[in-house]
Each structure stands twice: as structure tokens, then as C-alpha cells.
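For reference, the structures are reproduced in the following blocks.
Both complexes below contain chain A, partnered by chain B and then by chain C.
== the complex of A and B ==
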């Protein structure tokens, strides 16, 4: 960094005014008898982005701090931070290379979509059962393993869509069976401490699945073939394909954004599944029943919904979403029985960041983590450290969020 | 009769006392074999080492064992993690009562676990842990048949420096006791040859390299050298290929794990033209011991070629067994003394450790890294030149001493 003093001075200034905004704003709002649920977050962002110039009017007029307020002030904060970084490090590759920035943002969004899909499974289970599934990463691993074994070992030549559906079916069944056999004692008082029981039993499932698969399949890395190769496309012309250029493994848009084939396929499938999931949750009886149970179990039971059946459905669906994430990524990454550990950890970060039990929160949290990881990896000046901190980037965002909004971005108080 | 009885008793006592060490040996003689058998360790390498060590023990037992005893191999999984490695050493020595330990793949495990071997006085012959410090610490118990990291790095940077038109090299390494020093030595060598070099480091076991691949691409390198181990290297190589900077796009040196052809082509289907380091002689120059081992290894594993780390693991057990036989004892200090003077006809060649307590590196005027170090590992680079090619059929392209074919530079 050429002018570190500039950058770190700006950061310190933003932190100082962010802290003042985050601490003082809720007190001011409380004194004026206003809702303070968003006040610490909005106050911190307004303080960080504009210092006293924004905070004094905020405290004086005390407007209702809606999500839009929070979003706008957050965008302002990020813009100021980016500007300070660009001024302080004008030769940084993120400042001088627009192609890299565009590719990193695209990669962040692509991976964030898949992170979000996996995290939605975890948060769905929590919203219905109030159980954190510590075996979520193993469902992810099994999804990938199933696609590999179906398409490459058991039935070579099987269309990828069939292998993905098989992975969904298996993870759905494992989830449903596990819930019926091991989690039902939580509901009928057969265990004294149901929360601790759930933690232990899902941990047990995680270890069992990991070592069971290792015993059956071995620990050597495997990988499924690409679901399909891109057709060779050059648009608008073969001589100057500035719009779209493809090879069998890569897609380049506008001569700038580069997306690999497996990630593109995985992101498209993830988006389609998200749409189907939204349709299921908001347009079908079972989906509405799941949402009803997540909001109020007793009221849902009074209307004729069986909460226990919804428990099974939620656990099976949650496991299936993790399995599906693995199923679409086994063509992008080498797969071993321990492959689910990091994605599971990331899912925990995302669901807490987005708000435990919130489906939109999980999706938005996934995108945020994807983008932050891409920005950190792309822009940290020291190449020896940029990628080493990948797991830390999400943690920093999580810590800040929990400090300012303990319920997470979209969480609600019980 | 009384004097005679006394003389007989004394003679019997002396005999019994002198024979005591031999009588004290418990059969079977246990040897520890360490390898990474689960992630984040390099499982492909670990399984190859495990199979090689098992073959070594089978051969030893088929030839009558050691000191009249059968040898039993106790295999343990290091997971490629230092803390698992030290715990495994504690278990092998304290619980399984092994006489000595062979094998080993990850340097970080070797760095940490050698201290346990030293504390307990149990000799260890590391098979494929390259970090110079492992031997440079001059511990009496620690021996190595693998090449030194500095020597392996030299083969990489000398090769890269010889690629026509090279101005900039990117090194992608891991944050481990192997990766960081190896990258530093490689970068130093490249810079000494007048080339620009940038190093990117990631955690062991990293899966998603999308951000790093884009940054490497932005550096616009002429050559990429991968110093990652295990499936992380396979992930990086394939993701680089999918983004237009893979082995098919520019000269690209893959991790040695790429020598396992079947696994490589399954995980890096777009990885043709990759250059791969090989440590150990090419099959055409194998001695009788290596040929016999290779035949059994291929039959056992179904592989077409033998990886260097498998041969090293095989010899690590073989040289330990030979040292126990020579020492006539399973005591650590006796085995160490035997190892320091041994000349074992292994698959690698004549395995010996010229510098040690009897011939100190300082007195001999050589660097400490040569302490208990096998000095003659052959270092070379081969290149896959056809999709799906077996490692054994791929031509050796560097250095000239071992060359069997010309390198194909894809960007020329």
C-alpha cells in the first residue's frame, strides 16, 4: 500500500464515528420513545459514512430507521471505504484492473448463491425444529458423492440431472429417517435436555456419515465430470467476440467477466431450485404449513397442521438442500469425505449473519459472505495473505453484525 | 566337583548375560508407519505410502523377518496435521511399543513429530517430508530418505528459468512447513536467475480458488508453479484450467501428486501438458530392488507407475529393518548407531546417511541440513503430453541427464 496512513486514518475515523453512532443513536431514539431495533446498525453506518455531519441530523430529526435506511447507509460506508482504499493504494490490482473486479464480483455472487442455498437448508431446520444440524456438511458431502457414484461408477453415462435427483432423493430420505428415529424423543419428553440432545445426536450423525462414507468409498479425492461442455460461441462475431466468448470450460462476458462452466451450471441450478423452493413455501399447502409452524407451533396445530410431520419434512428438506448444493458443486471441486466441514462452518456463519430461522436472511447472508470473500481475496495487497484469510472474512462481518444487531440482519426476537 | 560346578555356573551366567539382548527381543518386532490417510492430508499420497510400507514388511517377513522375528507394521493416520502427527507418535511409541517409525508425507507433521521421537529416543526415517529443518535440527533420532526442500525447489526454479521467453513466474503454495520455505527458496532462485516471481499462499485443504485464480491471471505469468499438496493442488490445477491459465494454456508445474495418473485425470480432466516433479529414478533406470517392488506395487494397487513417495516409504521401512538386523537389537540407540553406518540396497539405490554423530556436518564442512540425510535422490520433471497418459509413459523433460523427450511449451 502506497499511502497506508491515509487508509488507516480513514478506517479509524469510520470506526470511531461508527462506534459513537452505534452507541448513542439507540439511546437518543429510546429517549424519544421510538423503535430502536434498527437504531444501532443505522447509527453505526451513518456515523461511519458521514461522521458528525450525518449523525447530528439523525439524532435531531430521529426518523424511523427502516431497512432502507440501513441499506443506504451501509452502501455509503462501503463506498467511502473503497474510495479510501483506492486513494491509499492506487497501484492495487483491484484499483487498476476492472476486469479482475468484475470477475471477482461475479464469482462472489455465483458462490454466494450456492452458499445461500446450502444455508437455507440449515435455517429451515432451525426455524421449524429449533435444532442446529451439525451434520449439515455431511449431507452436502453425500449429495456430491451420490452424483459421482451414480454418474461415474454405478451407471456411467447417466444424465447429470438424474444423478442430481438421486442425490436429492437420498439426502431427503436420510434426513427424514434420521428425524423420525433420533429426534422424535425430543418432542415427547423422553429426553430431559432436548437442545443438548439435539446437538449431540446431530454431531454423532456427522461423524457417522463421514466415516461411513470413508469406509465405503475411501478417502481419495474424486470428481464428477462437467455436467455439460459449453458450445463454442463467439458473439457478435468470431473476430471480435466482445459480447460472449465460450470455450468448453469457460464463459467470458463483455471481454471482462470470466465464469467457469461448473460454477455457472451450479449457480443456474441453485437459482432454479431457489425459485422452486419459494413456490413450494409460498404457494403450496405444505409450504404454508411449514411457515405457519415456524411462526407459531401451537397456533398451527390448532388449525390442523401436524407439527411433528412438519418437523420431519423440514429436516428432510433441509438435508436435501445441503445435498443439492454438494450435488452441483462436485463437478467444480475434488470431493473427499471431509469436504463438508468448511461449507458447514460457512453455513453457520451465514445463518447467524442473516438471522437464525430467516430464509431471506440466509440467502442475503450467503451473497454477502460470497462477495466479502471475493473482495478480500482479490484486493488484500499481500498475495501471501489474501487467500489465507478466506475463513476470517465472513467472521469479521458476522462479528460486526452481532455487535450491532444481535438477531442478525433479518432475524426477529422470540 | 565343587570347583567344576562353580566354573559351569559362572560360564552359564556369562553366556546368559551376553545373550540377554537377543533373548530380550519381543516378537513380533513392531515398526510404525505414518501416512496421511484422511483430509486435509494428501490422501492419495498417504494411501500410496501405506501400500508401499505394507509391501516392504511382507518382503521382509517372506525373507525370514528380522533377528528371527516377524515384523509387524502399525499404520497410523496423520491427517496431514502436526497435532495429529505428534499424537500418533505418542501412541505408536507409548501404546504400540514400536521399535522405530517410517513413512511420512507432510513436512509440518515431520517438524512437529520429530520432537516426540527425540524425547522418547525412538528412531524415525522420514519418507517424503522435505522441509530442510527436519534434518537441520540435528536430532540423533531423525533420518530422511526424501529430497531436501531446497534441492526440490532448485529443480523447479531451474526448469522455469529455462522455459523460453519466461519473465514472470507465479508460485501458488500452502501455509505449511513445507509450502512456505519451498516457495521462498523457489522465489529466491527465480530472482537470482533474473525473473520476477510472486507467491500466493493458501491454507491446506482449500477448495475454492476462484479469487486466487483471478489474481494469478491478473499477474499475467509466463509460468505457474504449484507447491500445494493433496486435493488442494488438484482443485487449483483444474480451476486454473477452467479459467484459461491451466496446463493447456501456459507452462504449468503441477504438484507431485499428479504423478498418480488415474486420480490426476479424474480430478484435472483439462490438465494436459502439465509438468510434474519426480523424485527417484525413472522406471527405465530401476535397480533390481525397485523393479521387484514396482511389480508388486502395480499388482497390488492396479496403478501403471510407481510414485516417488511410495518408493521412499518402501525404503524407509526397509532401511529400518536392515538397521535392526545390523544392530542385533530393538533399542533406539543401537538402531541409530546402525543407521549411521548402514549401506542398504534399497529401491532408491544404496541408502546411507553419511553425516551424523560419527561424522558431524560442522566438522565435515557441510550444511546442517545434510545431517542424517540420504544424499542421492534423483530429481527430475516429466510432462503429460496426451490426455489420459500414464505417468510411466510420460517423457522426462528435465534435466538433460535423465531426459527421454522434449518438453512441449503450449504458449510458444
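== the complex of A and C ==
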């Protein structure tokens, strides 16, 4: 970085005013007897984006902090950060190379879609059972392992669809069984502190599954073959394929954005699954029943829905969604029994950011986290350091969300 | 009589542990001593986690982060700070009486690091005294830093409950791990930061000379730390602090309404348990001699959770004993064996077994496997006594009625 002083002083300035805004604004609003649920978030962003210039009018006029306000100041904050970065480091690849930026953004969106799929399983479980499944990453890992073993070891030559379905089936069954055996005592008050019990018992499950798979499959990395090869397409013409150009393993758009085959497949499957999931949740009886239980357990029970069965269904489905995202990603990354750790942490970040229990929140949160990670890995000057910090980007988002708006972007008030 | 069993067993066990290094003389002496030292380490962590999670209801998955903070603080202190009798001219230094307090530049990851002090040493040609400040200061700093971060985290999580708290602390732990492995110019990352042994020049106890690699002095240091931590926690548990902290767990709002300063006690319990974890981490780091960011992987946290859960979350002693029992089990289950032509790799299967044990314990024996044993002894006869007292009270009041 050429002028690190500029960048870090801007960052410090923004943090300082952000903290002031985040701490003082709720007090000011409280004194004026106003709703303060959005105040820390709005105050922090306004402070970070505009410093005293924005904060003093905010405190003086104390407008209702609508989402539009928050969004505007958030965009402002991000813009200022980006500008400061560009000014401080004019030679950085992210500043000089527009193509790289475009492909990083595409990459971020593609990965974000897949993250969103995975986070949906977690948020589905939470919205019904009020439980955070700490074994989510292990379901993801098992999904991928299943695809590898079915398609490469047990039945070589099986079509990928069968392998993915097998992965779905096994994670669905594990989820359902676990819920029946270990989570049922939560529902009827046999456990004193059900939430804590669930945290511990799913943590135990994670430990168990991880080492169980390691004991059976070994700890050496495996990787599945890609599901299919791209057909060779050159558009508009074979000589000058500036619009679309594919090779077996890669897809290039507009000569700049390059997406690898496994990621492309995974993202397309993720979007299809999302559509199916939405159809299931909004158009079928079971889906409606699930949503009813998540909205009001007692009322749902009165109308003849058995909440206990819905619990089981939700846990099994949630595990299956994680398994599915593992199943489509095993062709893109190498797979070890510990592989679920990072995606699980990422899913936690996403669901907290989007609002625990909110499905659109999980999707939007997935995209945001995907973009932030792409920016973080692409633009930080020292690549090795950037890679080591991957888990930290998400965790910083998590920390900020929990401090400023614990209900998340789309969360309901508890 | 039965009520005395835990106390008797406890004092026998303590006597056994105190005498063990002097009496035991088998060929695997060093190995067994190593097991005991590590068992004490885990026992301190598990029991302090039990205080945090079982008593105060704060299910934090960041306990190992505080341990690592203690370990890395003392590790950095041990590697970066020197006292010299002349100015180096190349390092950052502060005059300090007739001495100079020297802070090295980041040491980097090369196998033979060359620091600014080494440069100065060449120039001095050996006539300047260079020494390290006592590593006990480093351990002290480690404990303080652990407490400071405990305070900070405690403040930050005030509003978070249950699952949110678990996620946040897990996040803290992961951030710390990425920082430690990313900033490898300072921490040496996965290459590992080397530390001096607890007694770098050996020690003489009652005329017996022990050199730096002997386990006996470290054993007693760890044992003393273990006893001190348990004593502190038991004293806290039996004071108002223990009551208040338990009221946080049961119902925070009700506790606040009854006048418990919930904010203060929540932060305080974080500070105390973090300091204890940091102390254990700092001493263990000097004992092992090298630390990497892997000391705070989730597996380590999972082990501590498993130990506390299997022992009994709601008792400090049960968690500590559980930790020791589980640690020894873990070690003795290490041996792989062969049935027919199938080799069972126990290094992995033992962890599977532990995962299953944790889940089953939680499901069917929520108070842990050891705590109910202790409880059944200490509370035996309480019911009969109460009944007897009631009967006596009732007859006494009847007598009083009759006397009227």
C-alpha cells in the first residue's frame, strides 16, 4: 500500500464516529421518547459516513430512522471506504484492473448464492425449532462425502444426479433421526434450559459426525469429478467470441468475467433449489404448515398441525439443504472431514446478518458475505495474509451485526 | 457417614496427587507426569468453563481463546523483551535505571531468526549483559490480558443470550485464530512460537537439583495452579457471587428486579473465568515450549466442553474430575488394535466415542456422570432429616397447643 496512513486514518476516523453515533444516538432518541430499535445501526452508519456533519442534524431533528436512511448511510460508508482505499493504494490490482473487479464481483455473487443455500437450512431450522444447529457444517461435509463415495468409489459411473439425491437422502435421514432421539425432550419442558441444551447437543453431534466420518473415510482430501463438461460455445462468432466463450471447464463472459464450471453448476443448482424450496414453502401443505408453526406454534397446533412432526421435518430439511450445498460443491473444492467448519461459521454469519429465521435474509446475507469475501481476498495486497483472514471477514460482520442490530436485516422482533 | 465420602475421597486424592511424583518410579515416569500436567491443565479449563456455562449460564465457545491469549502474551513477552546493560542502538529501547529495556523487531518465520539484538550482540563482542526479564512477569501479563479481554467480551455480550452468545464467542475465537496465523511476522504463525521452559536454569528444591526438562517442578507448579484456581472458584461459588451468578442463569430479569447488579456480575464472571483460563494457558505454554494457533481449534474447545459435560456442568469439582478422567481415557484409548484383519484406528475412534458420550450424557443424564454421585453422597439423608425435623416441629407445636 502506497499511502497506508491515509487509509488507516480514514478507517480510524470512521470507526471513532461510528462508535460515537452508535452509542449516543439511542440515548438521544430515548430521551426524546422514540423507538430506538434502529437507532444504534442508523447512528453508527450516519456517523461513519458523514462524521459530525451528519450526526448533529440527526440528533437535533431526530427523524424516524427508516430502512431507507440506514441503507443510504450504509452505502455511503462503503463508498467512502472504497474511495479511501483507492486513493491510498492507487497501484492495487482492484483499482487499476476493472476486469478483475468485475470477475471478483461475479465470483462473489456466485459463491454468495451457494452460501445462501446453505444458510437457508440453518435459518429454516431456527425459524421452527428456535435452535441453532452447530452441526450444520458436518451435514455439509457428509453431503459432499456421499457424492464422492457414490460417484467415485462405490458405483463409479453413476450419474451425478443420483449421487446428489443420495446425499440429500442421507442428510435428511440423519437430521430426522437426530431430532427424534435428541431434541424431543426440549419440547415438553423436560429440559430446564432448552436452548442451551440444544447448543451443547448439536455441538456434540458436530464432534461426533466429524470424527465418525474421519474414522470411516480417513483424513486425506478427496475430490469429486465435475458433474458435466460445458458444450463448446463461441458467440457471436468463433473468431471473436467476445460475448460468450466456453471451454470444458470454464466459461468466459465478455472476455473479462471467468467462471469455473463447478462453481457455475453449483450456483445454478443452488438457484433451482431455492425456487423449489420457495414453491414447497408457499404452495404445498407441508410448507404452509412449516411456516404456520414458525409464526405461531400454538395457533398452528389448534388448526391441526402437529408441531412436533414439523420440528422433525424442519430439522431434516435443514440438514438436507446443508448436505445439498456440500453435494454440489464437492466438485469445486477438495474435501476432508474438517471441511464443514468454515462454511458453518459462514452460515452462522449469514443467518445472523440476514436475521435468524428469515429466508430472504439468508439469501441476501449470503450475497453480501460472498461479495465481502471476494473483495477481501482479491484486494488485500498480501495474498497469503488475505487467505488467512478469510474467516475473520465474516466474523467482523457477525460482530458488527450483533452489536448494532441483533435482529439482523430481516429479522423479526422476538 | 456417607455424607463424608466425597470429602474423604477428595482429601485422599489430593494426598495421592501431592505425593505421586515422589513415590512413582516406573520406567514411563516422564510420560505419566506429562499426562498429569496436561490433565491439570484441562481440569482448570473445564472447571472454569463449568463456572461460566454451568453456573452463570453463559455458554461461551471462546474459552480456549482466553487460554490462547494467556499463552501468546507470555510467549511474545518471552520472545520480544530483553534487558541489556548497554544501548543496542538498533532496537526500540527504553532506558531503565542502568539497564535498557529492549523490544525486538518482529522476528519473522525463518528457522534462524536474526534480530536487531543479534546485530547489537555482534558489535558488543560479549561484554554486555543481556538477559530476559523473569518469565513469571510474562505469565502475570498473560493473566492480565486474559482478564482484560474477558472484561471486553463480557461487556460486548451483555445483551446476547444463548445461541447468539455461543456464535459470538465462537466468532471471537476464530478471529483470534486467524490473526495469530496471519500475522506470522510477529507470532510465527503455524511455524510456532518457542518459549523457555518454566525453570530455564533448572531449580534446586530441598537440595535436589532439577534441570529445565525435569517434569517434577512443572508438575508442582501446575498442581498448585490447579488447587489455587479450584480454591478461588469454590470460594466464589459459596459467596454471594455464586448465588448472584446462579440467579443470572435462572432468570436474569427476575434477578435484576430483586436488586442483583446483573451487568456487574455477568462481566465479573467472564473476567474471573478468562483469567483462570489465561493462567492455565500461560503455564502450559511454557511447559510445552512451543505454541501454534492450533491451540484454539474447535476440537480443543469441544474437548473441554465434553469434559465439563461428562463430569457435570453444574459443579466445579465434578467438571475438574471429569476432565482428568476423560483426559486419561483419551490417552489410554490411543492404542489401535486389530480384530481379525480389520485394524481399528483408535486415534480417531476415541473421539467418535467421546462425541457419542457427550450427546448421550446430555440426553439421558443431564447433570453429568460424576456430579450425581457426589450429590447422592452429600445429600443422602437430607430428606429423612427434613422429615424428622418437620415431625419434631409439628409435635413441638402440638405440645405448645396442648399446653395452652
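Keep in mind that, in the parts below, the second predicted complex is superposed on the first by the 383 of 414 C-alpha atoms of A that agree within 3 Å, B and C clash if a C-alpha of one lies under 4 Å from a C-alpha of the other, contacts with A are read in each partner's own complex, and residues count from 1 in each chain.
Note that in this section a contact is a pair of C-beta atoms (placed from the backbone, for glycine too) under 8 Å apart; a residue touches a chain by one contact, two chains touch by 3 or more.
Worth saying up front: this structure is predicted, and the values here are computed from it rather than measured.
Contacts of A:388 after superposition: both chain B and chain C are touched. In the superposition on chain A, A:378 makes contact with chain B only, not with chain C.
Residue contacts after overlaying the shared chain place A:295 against neither chain B nor chain C. Shared-chain residue A:403: touches chain C; no touch with chain B.
When the shared chain is aligned, chain B comes close enough to touch A:221, but chain C does not.
In the superposed model, A:100 lies in contact with chain B only, and not with chain C.
In the superposed model, A:83 makes contact with neither chain B nor chain C.
Legend: residue contacts after superposition of the two complexes on their common chain; A:193 is shown touching chain C, with no touch to chain B. Residues 214, 219, 385, 388, 390-391 of chain A are contacted both by chain B in one complex and by chain C in the other.
Chain contact summary for the complex, chain A toward chain C: residues 126, 131-132, 134, 181-182, 185, 191-193, 195-201, 203-212, 214-215, 219, 341, 345, 348-349, 352, 356, 385, 388-392, 394-396, 398-399, 402-403, 406. In the complex of the two chains, the chain C residues touching chain A come out as 53, 57, 59, 61, 156, 159-164, 166-168, 170-172, 174-175, 177-179, 181-183, 189, 249, 298-299, 302, 305-306, 309, 345, 348-349, 351-352, 354-356, 358-359, 362-363, 366. Residues 93, 97, 99-100, 103-104, 107, 111, 214, 218-223, 225-226, 247, 249-250, 258, 260-263, 332-334, 336-339, 342, 373-374, 376-378, 383-388, 390-391 of chain A are the ones that touch chain B when the two sit in their complex. Chain B meets chain A in the complex at residues 37-40, 43-44, 46-47, 175, 198-203, 205-212, 214-215, 217-218, 230-231, 234-235, 238-239, 241-244, 263, 266-267, 269-270.
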